[in-house]
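Okay, so chain A shows up in both of these, paired with chain B first and chain C after.
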Partner chain A sequence: METKETITIAKDFSNRLGARYRKDGPYSGQQFLEDFLLPAFERAVVGGHCLLVDLDGAWGYPSSFVSGSFGKLSLEKGPALVEKHLRFKSDENNMRLERVRKEIANPKVK
Partner chain B sequence: MTTSKKVLWAITLLVAVIVGGVVGHLWNDIPLIRWNPELKIYEVFNLILVFCIGVFVPFFIKRWIEDSRSVKSCLIDELRSAMRISDEIRVVIDRCQASSSIVQTDKDQISYLFHRSEQMIDSFDAQMKESFPHAMSTTVRDVKDAHHAYQNMLTGGELMTGGFTTVSGDFRRGHETACASYQTKLKVAIQKVHRF
Partner chain C sequence: MKRYTPKRRRHLAGRSRYQLKRRSSHYVERRQHRLEAFINGRQAEYQEKERKHSAPFVEHVPPANFSLIDNPHEVLAYFNRGEELFRKKNQVTFDIAHVTSFTPDTIALMVASLHTEEYTHGYGYRGNEPENTELAKLFEISGFYKFVRSHHKSTDSDGTLLHKERDHKVNPDFAVEASLIGVQNSFGNSAPFEPLYEILIECMSNSNNHADPKNPGSCYWWLFVYSNPDTRITSYSFVDLGVGIFGSMRARGILQLIAKATGLSRDISFADDLLEGKLHSRMEVDRDIRGKGIPQIVSTAGMNEFKRFNLITNDVFFDLKTGAREELASPMAGTFLYWELGPTNNAEHGDQGDDHYS
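== the complex of A and B ==
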């Protein structure tokens, strides 16, 4: 499946990521999900293409951010659909990729 | 030099010695060197074999031990570096508890320290795949799971929220327990690497 859209989190959103919910402070997982990830993901599903998410450039990925964005998306849309339309890239940290993929495969209800 | 190159060199040397002996045997006009007709060909091969065993076997065993030690040392260095980073995280938490204040910069620093330790475990993973593929799966998975649990404890809860502005004694003790558990897993992995 062709990749037609890319979100570079550090550039398009922030390189200092926050916690899970908007009420927790700026640059939360919920904010990223609602303002960036979900709209782009829905465009990818409707258009039948892939969305690439570039994880590089951020200071770090708090577990609550990962759970509040990618985990929540997986809970809402189902792991199979998310895995079908989302691709990830990280040249600087392979374990970060594994964490995000693990969260999507086994999203936790919080 | 890779193992295949070493073997190639050893074979080349052996072939050169044998070819030299055969040429010397067939070409009797080589000055100074004369084949003693009382000498049997198997005695020459026996001599070469003893020479090879005496010289090359200790040489290759020594190299093999040194290579193995050097690889293990690299692997252990990665794990020790990951352990040092958890000590740095502990220093940040302890400092914040002592000053009764934690700000966004401290939280960013903790996130960044986890990013660095992930890179070290990535490196450990890659080196294990290269050097000990038979033993890598459980050891690397244990280290990653321990790191994941530690990271979840610290960055998966209230610490990263805007309302978390002071580090309580309870939080510090909870962190201390999680950090000690993570470091224990790293030490166990170091011992496993020693035994490979």
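== the complex of A and C ==
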């Protein structure tokens, strides 16, 4: 599937990621999900293409941010659909990729 | 004669009714009663303030080893006894002149406690510095004096940061600022060290959401960062005086009574569940996907860059490096996380750290 859109989190959103909810403070997972990830994801599903998310350049990926954005998206749309339309990139750190993919595959706490 | 419009007539009739009501004996009586209650309330408030201000001072001397992390039993007993003195309507003199050991973690707990109304109950306090010059210097550069009324001037230091979160929020900018102090002192660079940043955000998030389950986002948290340029160790003390992690997860009502009767209410029996993220707070929203913050902290604690990692919450003291835990006779009112960042043999600290997430 062709990749037609890219979100570079550090540039398009922030390199200082926050916690889970908007009420927690700035740059939360919920803010990223609702303002960036979900609209772009829905465009990708409708258009039948892939969305690339570039994870590089951030100070870190707190688990509450990852869970509140990628985990919540997977919970709402289903892991299969999310895995089909989302691609990830990180040249700096492979573990980030693994953590985000793990969150999507299994968003619920064991 | 002036003619009024119907709208004006309605307005004047309404005004007239209102003026009549204000002159009624019932209304006058109620107004008088309200006024008296207001004056009495103000007087009572003033008298209470005066009474607290003139309460006797009681000397409160800490253990010689005044280090929360190295001597948690005695230090927590000392702080709890301090709260008891305030509760018993005393003002307290914290006489720390003769301590032989005094660490940044204790300063963080001290400033957080003295700034919490539930701890001081509105009574006054005073204190002194350690006689040991090294310990006195630590006290001075900590920023403690910025948070209490004192004739001492706080000495600023680039490697020290004492912060009270005033907006009850997770503060990413502050997490970056605190991270930079650590990486510059311990690693000699300014590159992001992801595990450190992530721990700071998780700590803030946990305090923000769970420290006061009845009013999430209403509990203050404190962070004290202290870097020692000689050892290149940077210590982080994060404290909130909320209900504590176990406290935020405890059952209430009949379930609590059953737990007590069956002996299942001891916090230490749930220590493993807590570290594995199997315990959940009473928050109902997104229950399915919550609970990953503490396991992330536990996983990170094992990294070589973290020389020490302790968690104190309610009546359990954890060493997250070894997994050891201890039951405390004097509980901690809230949650305290302490860690030390230090140099490793690897120049690229980030690469080594990543292994611990797998």
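By our rule, the second predicted complex is superposed on the first by the 108 of 110 C-alpha atoms of A that agree within 3 Å, B and C clash if a C-alpha of one lies under 4 Å from a C-alpha of the other, contacts with A are read in each partner's own complex, and residues count from 1 in each chain.
Heads up, the rule we're going with is that a contact is a pair of C-beta atoms (placed from the backbone, for glycine too) under 8 Å apart; a residue touches a chain by one contact, two chains touch by 3 or more.
Computed from a predicted model, the values in this text were never measured in an experiment.
In the superposed model, A:42 lies in contact with neither chain B nor chain C. Once chain A of one complex is fitted onto chain A of the other, the partner contacts of A:83 are absent, as it touches neither chain B nor chain C. In the superposed pair of complexes, A:65 makes contact with chain B and with chain C alike. In the superposition on chain A, the chain among chain B and chain C reaching more residues of chain A is C. Contacts of A:99 after superposition on the shared chain: both chain B and chain C are touched. Contacts of A:14 after superposition on the shared chain: chain C is touched, whereas chain B is not. Contacts of A:75 after superposition on the shared chain: chain C is touched, whereas chain B is not.
In the overlay built on the shared chain, the residue A:107 is in contact with chain C alone; chain B does not reach it. Applying the stated touch rule to the two superposed structures, the overlap between the chain B and chain C interfaces on chain A comprises residues 16-20, 24-26, 58-65, 67, 93-95, 98-99.
Partner chain B is touched in their complex by these residues of chain A: 16-20, 24-26, 58-65, 67, 92-96, 98-99. Residue ranges on chain B touching chain A, taken from their complex, read 104, 107-108, 110-115, 118-119, 121-122, 125, 144, 147-148, 151-152, 155-157, 160-163.
Residue ranges of chain C in contact with chain A, taken from their complex: 167, 169-173, 175-176, 179, 192, 194-198, 201-202, 204-205, 208-209, 217, 277-278, 280, 286, 288-293, 295-296, 350, 354, 357-358. On the side of chain A, the complex with chain C involves touching residues 14, 16-20, 23-28, 58-65, 67-68, 71-72, 75, 93-95, 98-99, 107-110.
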